[in-house]
């Protein structure tokens, strides 16, 4: 019955327009989102440098599912459902921690870092520990980014891996460290949070900090791009070509986007003065002005790779009207706080921008609740929202069993 | 299925008794309330003097629907659904504000004060702005009171207008200004908040501040009215007749009530000392002791018009167990705060009374949740609750398609 | 449809294992819990010494039902639904209070302490007050413990009364007084709160304060009991036999448990130093070291009876994921605070233990929400959880009409 309702909502949908109301505000549709999207797709969990040593772990919640991502004794990143096989207690409680073995705090069942149960005190003779391993979660690591998938049969990530690696690898994310993390909760549907991120049509009036360095127009051949920007683009790409850094849009279709774009003239980083956020550059870079590689991947992850730092953004839905946004700033592993970088200088642009975007998304959510709300047309500069909603409609069509063609809108 | 349930609940209802439990506590019935009552009927929004100049606006939320009420360039009061035709963002964010034009804070689509879209930057050539006006909401202004209706075809207000105007007009509400507003949220169903307001049976034990000036008995011919009150009534009406101020109950049926009633001997206003709340009298009045015109209109609005000030009360449902009450105090437009009136002296009686009533309604709500709750009989002095619940049952009967006769209980 | 769902969940259940997920987290199953368990079974309300005099009352909420327990003029404990027969307002508002008669705060309807309506002011001539008595709730008092039942036909308590009286009566609960009460709310299902209480498998790692005096092993013939404990047990029981205090497990089946168990060597009470919590011993006791009578009764009540104090625990469900725990400490009625006992010394072990258990139950709840949660096997030391879940499954089987045999697991 819910699937029929969703099929009906999909039939009402017009590509190139915002979604029908219930996709944003209905709790039942939200549950379908979790099943259709978040329990089937690859999700960004964290950076590998957040869990550098064996036993380091990080926890997150996908829908109602507590997950722990950790580095095992062999140095590989693995992940498990963070629920004890005894009576279901969460095992790892902190957002980030370190454990020689995973010990459930309730009755001290002990799991190896590979998820196998190795001790269950007081259980009777003959208790078969091998039947009580932690339930595994699929993991792929791409350029230092840990992706997890809760599905039994995860889809392939190879096209994505091949597409983004040439752009990101030169920034050498494995040789970074965490400088700061921030988690905020927005009172808005997760798709409104994503849509807010996928366009800069709203930037001029709302993001003074971001526009110090960010160029509003997102495409090299944007018809609205000003002449000034075209000159900036030409000079930038010439320099990147010389450095053998790729910059043209990757062929990600509606699955992902990857592109290198310049900053405004005389600015090189996401800072309020446009100056570098960290004096120690990433990888082998010697050139400060590399613009930023912007990479987005459905359903919920965007990232910036600069000459001097990396920022990962991870969106997790909590309910139809609540969404968590976690932001992680990485700098060179040898950079020294207070010497090479200052945390406030490094983070203030996106801390402010996240806060501004949170208010915009919350206000959007309240307005969409109106019964007078009608899906409106995306502007040309909102072309990535068409990508996103087409992709989403395709996922939901698969879920309800009436495949919904993802119409290319460009 | 919900409509069948409601029809079944209506069949259980006895006129002259409080409603069956689920009408007060069930979230699905609450959604039906919004559709059957608040999205079809005329609602009190504000006083015209809250938005005196072109571009002044006031926002409110009817169910999930954000609404903006404003004065256009011609000086007329108009109202719109406060949701942008682009992606649905709320446009006006403050409770009260002023705008030359309505500019959506998200992407700066610009609407004229008549709701027409006059600029949508970055939209492509040929974009037809005329198809994207704000959705209008019906407005009627009666004696300075702004009523709005979200229905496509609003019911007539003419009987109401004709009935109440002779009582209110002499108080000249257009020549007032806002002295104070208060908004509180009560953890109780909106109908319990209304029922609480519709009787003074509870006053003696609960409202010491109010009873300084308020006469408990609400009808001139109340059989319980004491001899003393009858003398007070006779002297008052003789004086009002001489001033040509109407006072007998208007013929409002179960739709509205309008009557002028005296204050206690030696008191002339809703103050803790019974003295005037404002030395500058309303309109052309020279006589302080005019009692108060008490006007109630279904579903959610009551008002007092005195010689020296006006009070409007507006109830808006938030959920089955949460209700917002907004109170607005108006004084003569030329009255000077600190000279002619003191805000605390003006507001303390009803601030205290609202707070006391909030606690009573919340306690009533918690008790109605009991499965041992049984609808009980209204006392004779609660005759207005019979009016209200009969009216409500009629609305719900229409909604579910099994007309429910509104039985006169008197 | 809900009953079919519950029947399906019962079919999935394995005795000796934690329950299927939805029994712990689903709001609809929670409503069934209220109807099947809390509105049909005997519930612990309070101790009689909390309401020692006629007119003393105590209120609680069972599901949505506000209840008042009071002592009538004859000195008997009675209980009523705490909802006025006029318009349903709660009558007694405080958690504990005293009233000559029960007067509804809304319109002052007056009820005798036997629940009969004796005055309803302003009601018309001929109003039949006898038709508007408060709805009664069944009450049984056993050794100072007040049990109430909301069912029309309560089950028999006689087996329970006969079983526990010999253990508890020597502690003379009628000659005690309240020293302290504490109420906390845990974000966990009520059954997880009960399961947490029914085993000490989790004690070693979580309850340092409790284990000062508490022996972890709960059964005199526990195969894991250490030799040292057996010696302690033998010495203790010899002493109790000499005092004619019963100690062997009562025959309570899955309905209740009652047993006397020793404290650790050199400790006599639930204190952080193991010393007495009150120097004035209960009843006629002259011996400090009496261990504790531990009594649990389904669905929600456990108690400790020591030489020097009594503790009652009462669990009330609020929603699928919220549970209230109320704890009451009683000491001899002649004990003087500051002389015979210190409140902090008396309460700190269980205040700490309750807090620790609350965190464990909340963590358990969050983990059970996972779709990877699978019911796990109880350890032998968790045999009382098998009792509890078998009992619960039996109740739910009766409720859905497909009797579910309560399988003995030991």
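Every chain is named by a letter (A, B and C) in the order it is written, and numbering of its residues begins at 1.
As a convention for this text, contacts are C-beta pairs under 8 Å (C-beta built on N, C-alpha and C of every residue); 3 or more make two chains touch, one makes a residue touch a chain.
Keep in mind it's a predicted model, so treat the numbers as computed, not measured.
Interface note: chain A and chain C, two copies of one sequence, contact each other through mostly non-matching residue numbers (shared numbers fall below half of all numbers used).
The angle of the rotation superposing chain B on chain C, based on CA atoms and rounded to the nearest 5, is 120 degrees.
Chain centres here are Cα averages; for chain A and chain C they lie 48 Å apart.
In chain A, there is no position where the chain touches two or more neighbouring chains simultaneously.
Remark: chain C residues 39, 63-66, 81-91, 93, 105-108, 120, 122-124, 127, 132, 135 touch chain B in the complex. Taken in their complex, chain B has these residues touching chain C: 18, 25, 195, 201-202, 204-206, 224, 360, 363-364, 366-381.
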